[in-house]
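Chain naming follows the written order as A, B, C and D, and within any one chain the residues start at number 1.
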Amino acid sequence: MFVVMQRAASEAEILGVKSRILAEGLTPYENPSAEGLKVAVVGEIGGRREALLGQLAQLPGVARVTPIKRPFKLTSREFHPDDTVIRVLDAAVGDGSLTVMAGPCSVESREQLLKTARRVKAAGATILRGGAFKPRTSPYAFQGLGVEALRYLAEARDETGLPVITEVMEPNQVDIVAEYADILQIGTRNMQNYSLLQSAGRVARPVMLKRGYGATVEEWLMAAEYIVSSGNPNVILCERGIRTFETYTRNTLDLAAVPLLHSLTHLPVIVDPSHATGKRFLVAPLALGGVAVGADGVMVEVHPDPDSALSDSEQQLTIEQFEALMVDLVPVHEHVSDLNGVVMRPVHADAPDGGGLSKH
Amino acid sequence: MFVVMQRAASEAEILGVKSRILAEGLTPYENPSAEGLKVAVVGEIGGRREALLGQLAQLPGVARVTPIKRPFKLTSREFHPDDTVIRVLDAAVGDGSLTVMAGPCSVESREQLLKTARRVKAAGATILRGGAFKPRTSPYAFQGLGVEALRYLAEARDETGLPVITEVMEPNQVDIVAEYADILQIGTRNMQNYSLLQSAGRVARPVMLKRGYGATVEEWLMAAEYIVSSGNPNVILCERGIRTFETYTRNTLDLAAVPLLHSLTHLPVIVDPSHATGKRFLVAPLALGGVAVGADGVMVEVHPDPDSALSDSEQQLTIEQFEALMVDLVPVHEHVSDLNGVVMRPVHADAPDGGGLSKH
Amino acid sequence: MFVVMQRAASEAEILGVKSRILAEGLTPYENPSAEGLKVAVVGEIGGRREALLGQLAQLPGVARVTPIKRPFKLTSREFHPDDTVIRVLDAAVGDGSLTVMAGPCSVESREQLLKTARRVKAAGATILRGGAFKPRTSPYAFQGLGVEALRYLAEARDETGLPVITEVMEPNQVDIVAEYADILQIGTRNMQNYSLLQSAGRVARPVMLKRGYGATVEEWLMAAEYIVSSGNPNVILCERGIRTFETYTRNTLDLAAVPLLHSLTHLPVIVDPSHATGKRFLVAPLALGGVAVGADGVMVEVHPDPDSALSDSEQQLTIEQFEALMVDLVPVHEHVSDLNGVVMRPVHADAPDGGGLSKH
Amino acid sequence: MFVVMQRAASEAEILGVKSRILAEGLTPYENPSAEGLKVAVVGEIGGRREALLGQLAQLPGVARVTPIKRPFKLTSREFHPDDTVIRVLDAAVGDGSLTVMAGPCSVESREQLLKTARRVKAAGATILRGGAFKPRTSPYAFQGLGVEALRYLAEARDETGLPVITEVMEPNQVDIVAEYADILQIGTRNMQNYSLLQSAGRVARPVMLKRGYGATVEEWLMAAEYIVSSGNPNVILCERGIRTFETYTRNTLDLAAVPLLHSLTHLPVIVDPSHATGKRFLVAPLALGGVAVGADGVMVEVHPDPDSALSDSEQQLTIEQFEALMVDLVPVHEHVSDLNGVVMRPVHADAPDGGGLSKH
């Protein structure tokens, strides 16, 4: 549930409401709004719901108390109707602009990274990606250059001005990655690594949370809730495909999740067609598809020489292919941005009722 | 495998090749091409492949003999590089134009259908859809108006000029449906109803084959192969979502299948966002997404009063919503049509090698 | 809903109830019980439920009227608490005995079939299987010997006394297959071929309905409902694996479905480990597993020389492997049969509430 | 690949082989065998395979060098044909005895745990389970008692003599959990948390690795490979169901994975029917099924009062239900143990070739 304070509520009244919430062993989260300050009440409410709702409504300065139906609270549009916009250096994610995260799967050398960074910047990328710590299915596969790669990423950022995103794989890495990178990425295998989510929730860097390849949309939002409730409101969601029986593609990109998320949450949504398809020739069409369904941007793997790449060689675009993609992508985004808002941002009342926190 | 005849090959030489194929208990299929007549050789070739390939190459008038690697033969781009274009009345599917099939899930009355037909025609639909025989999960649910609905569809076609598509559920219905309708639809539950596929292969009407909700892309193409090898080359494929663990949406729309199919087959591909999502507010974004990934068109359920519909009430658009969708969809299609062909129609050599006829 | 008549209800009172049901455009189905005759009311009841329930309860001779919560009615344990036992020649399915259906994937010759029939009979099989009409993913693969195979099956039945089961693929084949075979099989691809289900519902032969590889348990029971509501109460369910992302096995055998079905329905349940796994070495363990979870029997593919088989060569057991399996299987079945009934046949009240007719 | 040393190989010769491997930047792992010491060679071998194979074969004291076809090396039966047996206190896992891990989902109080421990011990359980750190989908749900629960577990172990298993969620918890518990559990959401796997690989406690709900068997074995290659050979695998489209059950228990794993790996395999089904009435049948397909044991959630449980209340057995289950389970295990070894432990040569490290 959340409390909406009267516009004229005093500091003391606000404090009174928050104290009452804390006294119940619950946690208050504030969100300013035109209507008045909103205070979300989260925690194990259980059977106290009705009683608590009535008690809070009686406190001085309270305009109303509203239940949040979904199990995700702080990440829900019910509590936070306005889109979250994440600003990092000169880039913004979720403000209506086209976010393009591009770069190699793995940082393999200083030269490889710098060359790619310059070229993707020139082609219109807004954020530079590159793996430093690589989660690999096999313990015997290339595991990334680690801190050395972080240094190259920082150098590339300093030269090009592009903010840098890279994956963090465990709580102990959060600080070192946050020192070098501008955005932390949590990968598909770690979507429900709750210790990592909480650590990422305590650092002053935006976090991009990839969907678990076996996770429902609701579980994904619950994972985002872990980050936000730990103190970090700047979460970007990234759809990267789910596991199905289809074998031609590596995963099945769930583009319906994009408009679905836009109705359920205020967080921005990025689409990653590289990992979803695992095939170079499918990346460009699905990047266009992602933008057409209303994604806030795309993440694309680009490598100067994909055939020699140490990871994901079959799905990385050449720099030339990326440049060609950008020529097509920008006008599609512009076109879609001009569309009827009803089509692309569904009215909240029409949001789905089905689904639910079911299985794991 | 297929034989390419020399351009100057005589009728007798062509006949010689075909006779040789028939003598093996196999079937020849002809496809004219700029290079010279192509003759596909299909059937249970088994261990004879190498020998037969050598023998055919020796026959007079033969330019070359080429194996077809995929298990689908007549439907493959390997055999038939040019896009199949299907023309029916004034409509064309697969020629680069935007195909829009619209209409109610079920034909419920003459008035309901005619009203919808006039309005979707005015909004830009090119083909009218409407269910006469309805496959329903429950034997106790509305099963469609049957032949009465076919008559209304024919009347709507005669009034609006829109070709009519409707589902056929069993071999015995093929003739009666073909009498009234312009395009036969085979539904998701019947994708591997081989008797029905063969019956549809013997009738002079285009067939739209929906993907089985549990079927791989390869099995889908093998099902199309049943129709084409039975004599009907005019097959349209319709992606309508597959089964996954996600519960917010009815199915998961596999938009990667669209460019994948464009690389594997010459048949046109339509996207159905209504059945894929099962939620009205997701239909428009996914229709745009379908067109952006290169689909030849969309199929959308439209009803004058969805809340009172006898089937699929949660996913049918109102007429007004359909009109708004068309305003957005047409320019996106135009825009995508102008794009770099490399992006939207992958070069054939880059087609995937993975996947395979595995499971059932 | 169903009506329970008073034990002393007269013929006229029973007729009165049935007439009332028919007058509503609904269909009555009778089921005798110790408590009194039960009459199920099925059809599109819609908004009339409450009113109708009240009206029927007032009719003379009526003891009570009870709603059926599940969407499947005649196949539900709610309506029909006692296990259905299907008797065919000397075999019985569902009576607590171990049903073993064995034989080749495809009937390939008279000798192959007769040899297999004699040997599996000697080893303890109770029913002979063999494919006459084969649904094949490829139109160019061996499609079965057809009527010739039916004749061999009948001959094998006459010689060994084993009832014969074989697949029927379309409504037009039902009569000819019913002429030769003792049990009709409807395959996984045709589970929602409603015309075929209805045809099979009108013939005086038991029907074994395989689960669709992409179908939920509830959809499967709805498909069985099509058969039963068409007039044929003798339906056997066969779990044969569902589609998942796992690639080592052909499908994923859902053994939880067996006790789940025993709680939801009165129909017997058979497990098919051959199609589920697609690997010979997994057949025996999963046959044991199937019996251990309470299945009424198993269906196993057996071939005198699997490596030369025209279909499914990787999963058919040799005759010797089948004999070894039977030595293990019979005592496990005996052992499980003696177990605490609470474990193996869950009390009805503990049945699940989740799930539902959701997606297709 | 692995090197088999001659039986008479000297220490110096063994050292020579290991030095050669280390000089390549690869890692040697030893496994004694009747044939002679085996030394596995793991790491990023890449294009050196052929050359290295030849070079190692030439070294003094080497009997032969054999490639390992599977991507998992140390966990493969190819390298390690004998079953791994894990001994902890008086219990053994994988030695042919029936392992039964039982206890509450979460440790909720000292009394709850001690009561359950005494009763499950009396009923025949061999290992006590109980959650201290709980991975919960919602950040607002009960997260476990933490270290307090570890202390109760140790007390219960000291009183009953049952070894204790509990989940560890992050690298930083490994030491504290290892201090109190006898076996570490890694849960389904952390199956590919590589940092955690490596930490668990460095501690002197057996590790039970649950299958990721979206993971293939091959990925699961690769995750086990992370633990073993980090130095801990004592890994138990636990099948607990995978994600599918079926909604009646929480997950789909993949019992075919049990005999499949027995052919692919030497590690013991446990089945968890509680998490797989999410429904109390399905636990007992699937426990029997798990044992019947050859599992080395089962893990079952048991609670003195499931309806009041703080987590998983719908799937925990009452103590009485657990006692009834044990009465049935023990003789099924005894029976299956006596079976023909060919059926239950497939000959290695018959292992599957399909599948592969494909998607993530």
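As a convention for this text, a contact is a pair of C-beta atoms (placed from the backbone, for glycine too) under 8 Å apart; a residue touches a chain by one contact, two chains touch by 3 or more.
Please read these numbers as outputs of a predicted model, since none were measured by experiment.
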item: Same or different residue numbers at the subunit B/subunit C copy interface, by half rule; value: same
item: Subunit A onto subunit B, rotation angle from CA fit, given as a multiple of 5 degrees; value: 180
item: CA centroid of subunit C to CA centroid of subunit D, Å; value: 37
item: Cα-centroid distance, subunit B relative to subunit C, in whole angstrom; value: 34
item: Whole-Å separation of chain centres (CA-atom averages), subunit A against subunit C; value: 47
item: Residues of subunit D whose C-beta touches two or more other chains; value: 214, 243-245, 247, 354, 358-359
item: Touching residues on subunit D, where the partner in the complex is subunit A; value: 42-45, 71, 73, 135-142, 169-173, 188-190, 192-196, 212-215, 219, 222, 225-226, 229-230, 243, 247, 250-251, 278, 357-360
item: Interfacial residue positions of subunit C with respect to subunit D in the complex; value: 214, 216-218, 242-249, 252-260, 263, 276-277, 279-282, 284-286, 288-294, 324-325, 327-328, 331-332, 335-336, 339-340, 342-344, 346-347, 350-352, 354-356, 358-359
item: Residues of subunit A that touch subunit C when the two form their complex; value: 243-245, 247, 358
